[in-house]
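To start, I am sharing the structure in question, which I have written as structure tokens.
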Amino acid sequence: MRISWYLPETGLQDLVDSLSSFGRLAAPVRRGDGHVYEFVSSASDIDFNFTRTKLPPKKFLLPYKRMVGVYHPESMDYTPVGNEGGIVLLGVHPCDLHGIEVLARFFPELREKAFVVGVSCLPDEHCFCLDAGSAFAESALFDLFLVLLEGGFLLFVGSAKGIGVVEKLKGLIREATEEEIFLCRKFLEERTKLFRKRTLPLAGTSLLIEALYHSQVWEELSKDCLGCGTCTNVCPTCFCFASYDVPDIEGRKVKRVEFATSCQYPVHSLVAGGHYFRPSLSERFKHRYYHKLVGYTRQVGKAGCVGCGRCSFFCPVGIRMEEVLERLLYDQGVNHRC
Amino acid sequence: MIRALITDVEVLSPFHKRFTLAFEPLYADSWSHRPGQFVMLTVPMAGEVPISICSSPTRRGFVELTVREVGRKTGVLHRLSEGDVVGIRGPFGNGFPVERFKSMNVMLIAGGLGMAPLRSLLWYVLDRRELFGEIYLLYGTKSYQQVLYKDELKRLSSRKDVHCLFILDKLETQEDREWTPVEGLIPDLIDYVETDPERTCVAVCGPPVAYRFIVKKLLQRGFPKGNIFLSLERRMECGQGRCGNCQIGYKFTCKDGPVFSLLEEDLVPGML
Amino acid sequence: MHIGIVGLTGCSGCQCQFLNIYGGLSKLLERAKIDYFPLLQDDNVFEEFDVIFVEGSVTCGEDKEKLKLAREKARVLVALGSCACYGGIQASIEETACGHFCLPVSEVVEVDCKLPGCPVGVERLLESMAFLVNGVKPFEYPMTVCHECRINENDCIILKGGICQGPITLSGCGAPCPQMGVGCVGCRGDSDFPNYEAFVSLCESKGIPKERVEKLLFLFRRRR
């Protein structure tokens, strides 16, 4: 049962404290020109005034570099490591909540690992979560969700674990009033109006990508791509990894390390003997779109693009996902503006 | 990861070795695989490599892997010898749909190291000989030097119940000419086979560049797409459909493959 | 295990990195003997080596001979640093009439392993040593500097309007320059199949003439 509660702004520290039993708490803090998720203990460090963090919360769920096991090279006794301890993610936007859900469909163990507290957001020109169907938290996994109101938060409960936290905060929080719920609805209405006016039929586009798989248009679209892999590194749903074993100098212990890789690097498709299965830039470029919009849907029943806009925002040459898709539609004579 | 003991190392060519592995009793009894499956082999200190199983599941109690020395990990593996210990995860992948082959003629088309996974299938069909029709083995390599399982294949050639056809890129040495009179690439070999395409299942494994030409030839000869099964190679880091490296279209080669029906080609772009 | 460290034409900075691995060095010395390291020790023997590290580029006949000898004596030869791997900054000078040449080690002898960087990173060096003393070639996985830069959550220099070669430069350094607000100069050389055209047009769109971009690009990279 989802119930809405009201938590005054001053109660944020109490919320932070009450979540500590689920693991270390990470929340958005300001760093450089943007925001990053970092471990915090004080509510005063948390800054909810952000559009998108530099890296998605996957940096804690599926760390970019992680030791997964240790073995002894002589006995080959292997011990898995690194899956201990939970984590609390406080301040996750709806798009990233959907991103976590997509990841959890590939890595079911993540569901147990994280306690997730969502937070409401406002879009900028790169956001297209509304088109991607991930603008609202309801259809994603979350334990608690905060809607920022003046002087406090409207707090929604999304899981049994979330109910437990609300119970603990009794005395501090109260059930939300009709007026507060009205304010929340109003906020969501206003938010929806802020999205770009053009709409992208993402589902239709995925069919197009299949149809256009062998088209020359990819060659042209990928011309400016530097192949730096930023788009996949900042993506909340990209999960590709590679692994290697590294011995210690004494030769007594070998660590197995997994690290995030990217389909944008040629090495991703390189096999022993030197054959590249995706040797050209356009094939690698196309593969990302194919996998995001067609592959994920077929593999786990949910598209891999949640419209967070990170790949567009951080691309050094300004390739924008939505423009590429619009261009594909345009080439097929579909007027996306209507 | 389970522990496996190297019980035998056989040099097959200057670049290829066959490793015979045995498990601890606990695992030896529970180990089974299908022809065409692979394992993730941990070479101590160096890391994990995906390797096809080249022994047939009809021969139990051990697993054989044929490995070409090609990089840093296989380089270390080639220095290992009898008595050394390695790690194994698996078996992974779907393997060949052997049920589908039953009471059909079976044609195996192997190029280079592609002979390794097909050897598993070859011995499976030979050990269950009564279930299948005619058996054709088409095997192409660069030169006689690179031919794998030389003695075994020579013995097979003299058997009446299996048709062995070999081809070499170029017939240069005396050895080459003694091995086969046919010079050219594997697709050329298909012309030598007299079989009813509708009644024949084909299993193909070769170097990545060869598939397109083999498939083209097979289709020309009238083999139905549904009868053609390809064992494909991709980069693999996990074997369990998690690492994402091995994707062909939306399929994970390690989990949904490595054996694909040619029928899937229309749905899965980038397969060949 | 016997190790040698040979210096050709270079600043010796990469050789000095052996001293910066601190604790790692003492562990290393438990398993290996450094037979030849004239930069740092008085008694040097040049006999058989399991691993030899060659720093610097080949710019004269003397370098060439030293290198060929090193190759003969070593089981594994490692090109240490960007000079040895690509020729280094000195290679960016156009060849002159007086017969000046500046070659990476790999153009004179066969190289088993390359550890680029200006200087080579301490962590990377230590990790490579761990591989080498255990008889395994160091792990290589060519990505771009952008990969590490994004993961460090730095602000992107290019998006801020600057010039950074991160997108087309080989990873492995941990992106320390962008972290300090300085664009990558490409000291680790090319990433796999770099898209020079796109990079040049990116720079041109920022008002930097093509000649200048090329000069920047080929400061460390080997011109093809």
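Should a chain be cited, it is by its letter among A, B and C, assigned in written order, with residues numbered from 1 in that chain.
Assume a residue touches a chain if its C-beta (ideal position, glycine included) is under 8 Å from a C-beta of that chain, and two chains touch if they have at least 3 such contacts.
In this text the structure is predicted, and so the values were computed from the model without any measurement.
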item	value
Pair joined by more contacting C-beta pairs (B-C or A-C)	A-C
Chain with minimal offset from the mean of all protein Cα atoms	A
Interchain centroid distance [CA atoms averaged], chain B/chain C, Å	40
Rounded Å distance, chain A centre to chain C centre (Cα mean)	35
Where chain B touches two or more other chains at once, by residue number	45-47
Numbers and ranges of chain C residues touching at least 2 other chains	131, 134, 136, 139
Chain A: positions in contact with at least two other chains	73, 242, 244, 247, 251, 261
Partner chain B, residues of chain C touching it in the complex	131, 134-137, 139
For the chain B and chain C complex, residues of the former touching the latter	45-47, 72, 75-76, 79
In the complex with chain A, residue positions of chain C that touch it	24, 27-28, 30-31, 126-127, 129-131, 133-134, 136, 139, 141-144, 146-147, 150-151, 153-156, 158-160, 164, 166-168, 191-195, 197-199, 201-202
Sites on chain A touched by chain B in the complex	69, 71, 73-78, 106-107, 210, 213-214, 239-245, 247, 251, 254, 256, 258, 261, 263, 268-273, 275, 277-278, 283, 287, 290-291, 294-295, 297-299
Residues of chain B touching chain A in the complex	1, 3, 42, 44-49, 68, 70-71, 74, 85-87, 207-209, 233-235, 237-238, 242-245, 247, 249-250, 252, 269-270
